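Here come two complexes built around chain A, the first alongside chain B, the second alongside chain C.
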Partner chain A sequence: MSAETSPRGGLRDLKKIFGGGSSNVRQFGILFSLIAIILLFQFLTNGLTLSSGNLINLVSQYSYILILAIGMVMVIIAGHIDLSVGSIAAFAGIVVATAMQEWNLPWPLAILLGLVVGALIGAWQGFWVAYIGVPAFIVTLAGMLIWRGGNQVIGNANTVPVPDGFTVIGSGYLPEVGPFTGYNNLTLLLGLVIAAAVVLVEWRARRVQKIMGSDPAPLWVSILKVVLLDAVVIYATVLFAGGRAGTSFPVSGIILGVLVLFYSFITRNTIFGRHVYAVGGNKLAAELSGVKSRRVNFLVMMNMSILASLAGMIFVARSVASGPQDGLSWELDAIAAVFIGGAAVSGGIGTVTGSIVGGLVMAVLNNGLQLLGVGADRVQIIKGLVLLIAVGVDVWNKSQGRPSLIGFLTRKSKTGEFPSEPPAVIPTSGTPDSARPSDNPS
Partner chain B sequence: MRKLLTTTAIAAVALMALSGCSTRTDTTSGSSAAAGFPADSLIGVALPSKTSENWVLAGGLFEDGLKAAGFKGDVQYAGASTTVKDQQDQISAMVTKGAKVIIIGAADGGQLGTQAKAAHDAGAIVIAYDRLILNTDNVDYYVAYDNFKVGELQGQALLDGLKAKKPAGPYNIELFSGSSDDANAPVFFNGAMSVLQPKIDDGTLVVGSGQTDIKQTATAGWKAENAQSRMDSLLTSTYGAKAIDGVLSPNDTLARAIITSVKAAGKPIPVVTGQDSEAESVKSIMAGEQYSTINKDTRVLVAQAIDMAKVLQKGKTPEVNDTKSYDNGKKIVPAFLLPPVIVTKANAAEAYANDPKLSPLTK
Partner chain C sequence: MSTDPIILEMRSITKEFPGVKALSNVSLTVRAGEIHAICGENGAGKSTLMKVLSGVYPYGTYSGDIVYQGEVMHFKDIRSSEAAGIAIIHQELALIPELSITENIFLGNEPTRWGAIDWITAKKTALDLLARVGLRDDPDTLIKNIGVGKQQLVEIAKALNKSVKVLILDEPTAALNEADSQHLLDLIRGLKGKGISSIMISHKLNEIEQVADSITIIRDGLTIETLDVVADGVNEDRIIRGMVGRSLESRFPDRTPHIGDVFFEVRNWNVQHPQVAERMVVKNSSLTVRKGEIVGIAGLMGAGRTELAMSIFGRSYGNFLSGTMFKDGKEIQLRNVAEAIDHGLAYVSEDRKALGLNLLDDIKRSIVSAKLTKISAGPVVNDSKEYAIAESYRTSLRIKTPSVDAGVNKLSGGNQQKVVLAKWMFTDPDLLILDEPTRGIDVGAKYEIYGIIQQLAAQGKGVILISSELPELLGLADRIYTVFEGAITDCIPAETADPETLMKSMTSARKKVQSI
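Moving on, here comes the complex of A and B:
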């Protein structure tokens, strides 16, 4: 792709900041909206949006929705939907809370128990979807009822408190260690590691590109990318580390971060990940190419339930109790995040990072409106409209043969080419666009 | 285009860098009650979803009352489908905005510990309004109507109503209680049972279905539809042949749902208690359908909560009248309790004389 040089080469190079490939243009659009929304609220709330306390709130308030979005995007890429995640979260939450209260189960074991519960539920639902062939919509609609009811049976529709040790995964922070610096030292350290990782990753990518004989983006693009990303990382680090004493980067945010890295790797760089795209893009073609589509569907559904139970436990930990209303309509938040993040309803398209950005758009919007004192009723209306418009603009642009509004602006000179570029072979920018089972001879 | 993008990006980073600075101080903020706070401070009010008239009324009263007292008010309702999470987020937002007092009508009193702690750590005072916040040290005051008394009055009204209808027992009754995630629900129920249980034991009252445990009688989410469907099933299962004389209902919304169910089944309307003085129920009482309700004047309760904020603003300790009853699992929360009033058709005109909305209904 980089072999083609167009008159607008400079801009095309700049776009490589977001990686190559056409779906990245869409993510670029969403990321751009996120930045715009953040700046808008930063202005409207007189700087409260990007204050330490608020950023910390934002992470701990939405980490579990974002965790759900990670699982949901894989389900949606595979061409399914999961409506049961909120109920599974509530069920796992009450099982864990009850186990700790009734049997005095130590909290690390309780977390393990929760994950096992999630896995068993996931295996149950995966079995019906993958091996019996009941549509996931139906299986998970049933699951939504079954596990919500299960929550109320086990908890007697009561609120069950959890011990303090357990709450660390939902309302814990990186602890204070080392000398007093005016900041949380561990958070500073974490920020430095991430900033260094950004440089390292970019440097390695350039090296690999060179070895593979691919023509890397000009050096200034790489430097600008690293400088911009590191500026954001350092700025965020200072904010997270400089919050009220006793608060810092939330533990739930770290769990989220690890999961994002892990699942980005899985979906982009492993055979299983590519198979998910293959099955979602064209199931028959995938099967003919030797993809075991049943196993893929089973694992994707099971994985979603495990993440749902984790999200449920984080919420319980944050709420210091498991209640009968936990997880109500979370599935809808997660699904909204995934679609705002550029996934396709028909399956085969979507990325983990895109969904996280989509989820953050909703989160910042929600949080900003709350800071402005807009009532929950109107917030719902606004969120609904944003979802509709975000997906609407996207669909409309696709039907016009253009990837997105931003994409249109940046590729005006070459409309005839879409869809043209094969997804990049460059490792760091290999965000999948579509199902390409032939990539993975198995 | 390229220049525009680059400039925007750089400007964004620069703006972020300018606005960032550490808000951390070496000292943790202690109890701020002693010091008071500026008279135009922000007072946050977090209320549950708008499912009953009372909450809607309270929101308006808080807005007006806080403004009249010179405070900046921030009154928030949770959304109907995600009450708990909305409320958690709203309280966090109030803390971020620097509210000095946060008045919370909890959606689920057991799930606000983290937010109450964050509020406390930031130096805000937490007042539980109408519903107690459970399992946390970080709630300072509780202001509510005396809910055990409410239950007692409901139980007594049920007995009085039955006696007026039919001089001698045994009476067939059924029991309903509120949502099990509301800490008040068992208080109402136990209050009522303190009056009714002796009569059940001596055979004056017969619970036809045998469902006398609070778990069996609970109405999830205080939802009318749940009470109605439970009543439908009770009528089918138990009252095919015999008559039902009375129903203990914890509030007006549920009372009307129960009456609707009985009417649909074509049975004579039993003696049904209530609570909250909702307009529809006052009409129903005047029409001779619902037997009683409880007047817990929201105006008085809101005024009491705002008074507490005013006293706290001056750096003084607000008055409380109960320092032993309200154990939230972690501490005994000092409470100011207001006395409820029972209202039947007989005293409705008198009870609502000062209420501009309800008094015309009693004429």
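Moving on, here comes the complex of A and C:
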């Protein structure tokens, strides 16, 4: 009934600019927070935040956390948690580094080895979670100890260097090709492709909406959306392409981008993705719909470990060596990113893009505070508060029957326009089960 | 009528839930030291009445008066009704398995000395109370280590500790075996001798006949009558007549059944309880379904209807022991839900919210969720097909929503149920098992759902309809199986079925199933 009287007109259309239906208003809010934080730091750092060097640094410094967030959001949607990702990253890193140093394994094969190690670890943990039924919290807490210890056993608690070829995945950039333009040509090309893709995607979305007979947002909304997004893309492209000579868009950023596209597609458009949401949303109902929940849980846990080992390798490549302290407390950063990005602790809710935005909030915050010379101690305190407040606002709003802070603000403004809107969620969430007549057969 | 003083009187209690009048002008009079049974079909309002009495629904949420020992009471929660001496023992026991008997008896009511729990007094009192209920176990035994029968006794001991004057027992023997039931009934009789009144809700009419002094019958939220067991010469038949005695209104769409051959059959089906291996939840049950036929399953709560249905549906309940299943003349084995769906079975759960839907999901995704392969190219789901299919069901089933993008949690019960039906219709089943498909749904939506069920049968599908509402079964089904304590007790063609005969077969293992 609430959707029937959902806000009409400009406000809703405006929300559609960022894909904001009722279901992802939260992301809409967090995206605005990200923009606000970027602008705030841009101001506070006198333009340093959005400088070429800093932006490039930001991407290569946080890409591995964001890669973890992709896997973590799927784990959390399925209703689990993974505390072992930092240790797995460290373990995979040391295995790969040692393999290249001791056996002279060529670096592409080493990367493959790293992924296989991740898959094996994931299969091990997935087995305990999915088939034995040990809570993932426990399994991965054990994993956190096991793989951290494993790292130190293999590396004798020492640092193992990696060869130059390997470092490209962590500290490489798009190479210089073509005529000298003062910018990195490949980065420019990449930017153009993305800008064109934005237009194409929006155009296709409108066409599909038309075919399906649902009313698309007015044309001006689409145009505004495309113009805004492309402006951001082009601005970013110029920044990335115009950095110090020899730098450009980082390879790790490209790996991240490919993964984001791939996993967004998996979670949104495939049967497996649907099953992950179904198992996390209502396991029993999913099983009664023929979903093999054990297999889903197994694959989700396994996938997380593969991504963790990839993140570990990128980190090792960036720091040119694998050490015993690699990946320390990464799990916490990844989990924080996912929850800031709108996932629900109880499972069933969350998106890959939301988690990336959540991760970027943390990254920009971290980076900006560092630029301002705030000590690591205070940065931690601030990050902790941000996490608590972001999720706290969300929980509070849900208990009030509102989707998010932004939802709350927009709601206020529209109540004047549409006084008839009923409280949408309150009746279902506010009524204790015992008070529902249907559930009280005598 | 006995001349004992009236201890409790509930006067014209009316209790409404949004959209439903659960109780309307219900009155109940309980005398001191009597056992008063409350009878009625599932959903008649018995539990609601008891929840009003015990303060679960506090004063102000209902209209009417509770007069207790001559005073009008305003209970605001369970604690206040307990303080006055009214204790309720729920169907699902409220004991904590990991605590001992003593700890459970005194939970929330611990005797203290200098601020610390006085375990010596507690244990002494516990021993006393256990002796009164005839339980000889060590009071330090953990609750999880004693059987359900003994747990029930601990609950009563807990109530006695609060110097109870009126004890409410909601289905006290539902989970008990014969011997434990008998012990419990004896105990209730013994308490009566000590001046404690009991209000007992039970589906086991023989037990009521055996222990009750008077019986109040509730139907559709109304008090039908109050009988004095001795003076009125009450027997089971008399109670059944009171429980079901209503005319069948024409609340069902017209239908001319076109029944084909038997295409689905279950033979000698045996299923164990998933945790308690010695408990058989389905006993040697056999049933057949013909094409285009609506087969009803009648049984009281806990009789094993849902367990039977779910165990057929890919063994989704209990431990499958033995039995064979045939579809279209061939024996089939359904080891999991996916196989059941592939073989054209569908099961609409009685618990829509817990088992039927992912409440976080939207309508279109829910509708296609049981057969995503049907709209997918390889692993990729086709969104536009999904939308189109959801739209077509929205129109054909008249799901009231502005958009199929809306979350299912925003729909009313009736519309949620339509989404669930759409979800299973989308799987193209040959056999639909509908478990309480109209539970918690208002009358208008019920009529529509009846229409959908009849349409499915008209398309040649077989339908198994499980329902607690006898009129619903009589109005829809072509043939009705009755289930009692996990076994099928009878199979009655709809033409010859009436509420009385059904209720008889539902409350006793009287007849063997006639083969058809």
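Definition applied: the second predicted complex is superposed on the first by the 401 of 442 C-alpha atoms of A that agree within 3 Å, B and C clash if a C-alpha of one lies under 4 Å from a C-alpha of the other, contacts with A are read in each partner's own complex, and residues count from 1 in each chain.
As a working rule, contacts are C-beta pairs under 8 Å (C-beta built on N, C-alpha and C of every residue); 3 or more make two chains touch, one makes a residue touch a chain.
All figures in this text were calculated on a predicted structure; none of them were measured in a lab.
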Can A:102 be said to touch chain B (first), chain C (second), both, or neither?
neither
Which superposed partner A:152 touches (first chain B, second chain C, both, neither)
first
Of the partners chain B and chain C, which touch A:348 in the superposed model: first, second, both, neither?
second
Between chain B (first) and chain C (second), which, if any, makes contact with A:61: first, second, both or neither?
first
Contact breadth on chain A, by residue count: chain C or chain B
B
Which partner does A:287 reach: the first (chain B), the second (chain C), both, or neither?
second
Using the touch rule from the top, collect the residues of chain B that touch chain A in their complex.
1-2, 5-6, 9, 12-13, 15-17, 19-28, 49-50, 74, 76-79, 81-86, 88-90, 92-93, 95-97, 107-114, 121-122, 134-136, 179-181, 215, 218, 220-221, 329
In the complex, the residues of chain A that touch chain C are 1-4, 6, 21-23, 208, 211-214, 269-274, 277-278, 281-282, 284-292, 344, 348-349, 424-425, 427-428, 434-442
Any idea which chain A residues touch chain B in the complex?
10-11, 14, 35, 39, 42, 47-48, 50-54, 57, 61, 152, 156-161, 167, 170-171, 180, 182-184, 224, 228, 231-232, 235, 238-239, 241-247, 315, 318-321, 323-326, 328-329, 366-367, 370-371, 373, 375-377, 379-380, 409-410
Can you list the chain C residues touching chain A in their complex?
17-18, 20, 22, 40, 42-51, 56-57, 201, 218, 301, 313-314, 316, 336-338, 340-341, 347, 349, 354-362, 365, 369-373, 376, 379-381, 383-384, 387-388, 391, 401-403, 405-407, 409-410, 412-413, 423, 439-441, 468
